Amino acid sequence: MAGVKIEVLDFGTPDYEVIIGQGNFTIKTIEDLYDAVYSSIPGAKFGAAMNEAKPKVVRVTGTDEELKKIAADIALKIGAGHVFVVVMRGAFPIHVLNAIKSIPTVACVYLATSNPFQVIVAETDLGRSVIGVVDGTPADHVESEEEKKERKELVRKFGYFGD
Amino acid sequence: MAGVKIEVLDFGTPDYEVIIGQGNFTIKTIEDLYDAVYSSIPGAKFGAAMNEAKPKVVRVTGTDEELKKIAADIALKIGAGHVFVVVMRGAFPIHVLNAIKSIPTVACVYLATSNPFQVIVAETDLGRSVIGVVDGTPADHVESEEEKKERKELVRKFGYFGD
Amino acid sequence: MAGVKIEVLDFGTPDYEVIIGQGNFTIKTIEDLYDAVYSSIPGAKFGAAMNEAKPKVVRVTGTDEELKKIAADIALKIGAGHVFVVVMRGAFPIHVLNAIKSIPTVACVYLATSNPFQVIVAETDLGRSVIGVVDGTPADHVESEEEKKERKELVRKFGYFGD
Amino acid sequence: MAGVKIEVLDFGTPDYEVIIGQGNFTIKTIEDLYDAVYSSIPGAKFGAAMNEAKPKVVRVTGTDEELKKIAADIALKIGAGHVFVVVMRGAFPIHVLNAIKSIPTVACVYLATSNPFQVIVAETDLGRSVIGVVDGTPADHVESEEEKKERKELVRKFGYFGD
């Protein structure tokens, strides 16, 4: 295991929604991320950041200075090449995730949550790699009939599946 | 490497097809997983389960009690937040994978197979993370011209690429 | 950590574009990868390879013998079941990534780059698993206003976002 | 032209955004239309309606009574089988059109506009058919360099393509 250092980055309990993924062609993708969120959510408040390897820099865009700073800080802390971060308030991943997944330079999305989260990073002689994400605390039992009923009521209370 | 425990979960050779991925908004996604499979496969026999972090519970749905139990057991054993599991019989991942990938709350799919499989999980102080999947035994050589010919005949024998 | 060996595979600085992902149903997917690239890029020069677990073999296709060999060598070196590799010259991931992501047997894409890259593999008693990729060297600062301006000019110089 | 009566339905200048398309399986699609809009736009105000042939009925859903009535009236006036209508305020077609197009039972979208619009309907002995839509008044010249410049400034003034 020489040459690999595993690090757990703890981001605590976010007061924002966060999406973390991997892509390429940073200078175009950063603008496409902006468009994906802005075109999906009327009046979106968000920040987006993406790491570039050459030059070594975090690209940043968005509509809200605080969220731009949060996204940039997460991207910089992760440090892995071609990783991107989107942070939002007043909207949920459901509103933008398909738009982000369909950007032609996006490879995959690791995480979309507002749970407390951690990113597990491996560091080699070349650079850094996201090898896993922790998205909230573990489930410890299978739902009961009562819990299933409450769950179905709750998602309908949020307005999903129509009247 | 303090703070990270790596565990290999061995699920043996499945007598079902299995899809494992990561998403969010469990109470809606569990119903969307049901719809994605049910709308894609006539008479689908399947179970789907997804972990929720708050409350800590495994959500379960499907059309077949045995497969619902298998899906729930896999999700519970993995334990990572926002992970989902779909198990099916009488159909293959090709029939549902695009429908699942396009659910707006699905972030990524780690695995879709009926090979013997293992899930590699990292455990931190916060929770658990899928960091890798082992999907069958390793390839050990590049196909020969004869093997390529057999492979092309086989996929056509299954009916793909027309007559 | 008994039973897990972590290995870093170093592929140096590629003189090609490379895409690495995970799928299933290798005998069909290898032909779909061919079609996804060939239908997306006029005159595409590429090689594609994908690991099969049973029989243990690397499937290979493409339009260019050298690139077919490179793709097969990467797939064989990674060794993980159901992993695929596409290598190209004269085109970029943006030209094929959505076509590849929408193949119904493709689960996820780990990497799309021409940066120096490494693949981090875990080996268990069953087989091998891609647990991470290193895509170039880490970013070390957030872009300045001047760097943002240069970035926007550059992507437009490449012809994106119209005249 | 015996047996075909062509009719032009004039809907004036709408004070809403309207999307008109063709689908099938009305009893599921009407809920999927609800979900497509509701999942795409936080706090969406909209109505959706869809014609069913057997029984002969206009299905209606939405979050706003006035917009539900407008959508239903348009669908009823068009009268063609399996046609659907979505009307919204506070959001634009860009926010929902991909979600609507990707509903597996949606065949096509004829119109998405807030221009004055007309729907051209053919009536046969069997029923009615949308054969065309008029979306605003005709263009009468090609844009000048000055108009191109203004167009590019305007889309950026709306916030697209980043800061």
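We call the chains A, B, C and D, going by the order they appear; numbering starts again at 1 in every chain.
As a convention for this text, a residue touches a chain if its C-beta (ideal position, glycine included) is under 8 Å from a C-beta of that chain, and two chains touch if they have at least 3 such contacts.
The structure displayed is predicted, hence computed values, not measured ones.
Visitor: Could you label the chain B-chain C interface same or different, taking same to mean over half of its residue numbers are used by both chains?
Guide: Copies use mostly different positions to touch.
Visitor: Work out which of A-D, B-D or B-C repeats the contact pattern of A-C, with more than half of the residue-numbered contact pairs in common.
Guide: Match found for A-C within A-D, B-D or B-C: B-C.
Visitor: Nearest whole angstrom, what separates the Cα centre of chain A from the Cα centre of chain D?
Guide: It comes to 33 Å between the two C-alpha centres.
Visitor: How many angstrom between the C-alpha centroids of chain D and chain C?
Guide: 40
Visitor: So the centre of each chain is just the mean of its C-alpha atoms; given that, what is the distance between chain A and chain B in Å?
Guide: From the centre of chain A to the centre of chain B is 21 Å.
Visitor: Please output the residue numbers of chain A that touch at least 2 other chains, ranges allowed.
Guide: 30-31, 92, 94-95, 98, 101-102, 108, 131-132, 160-161
Visitor: In their complex, what parts of chain B are in touch with chain C?
Guide: Going by the criterion above, the answer is residues 5-6, 8, 10, 19, 21, 92-95, 97-98, 101, 108-113, 115-118, 120, 131-143, 147-148, 151-152, 154-155, 158, 160-161.
Visitor: Applying the document's contact rule, which stretches of chain A touch chain C when the two form their complex?
Guide: 1, 3-4, 22-25, 27-28, 30-31, 49, 51-60, 72, 75-76, 79-82, 101-102, 104-108, 122, 124, 126-132
Visitor: Enumerate the contact residues on chain B facing chain D in the complex.
Guide: Per the touch definition, chain B meets chain D at residues 39, 99, 102, 104.
Visitor: Please give the residue numbers of chain D that touch chain A in the complex, ascending.
Guide: Residue positions touching the partner: 30-31, 34-35, 38-42, 61, 63, 90-92, 94-95, 98-99, 102, 159-163.
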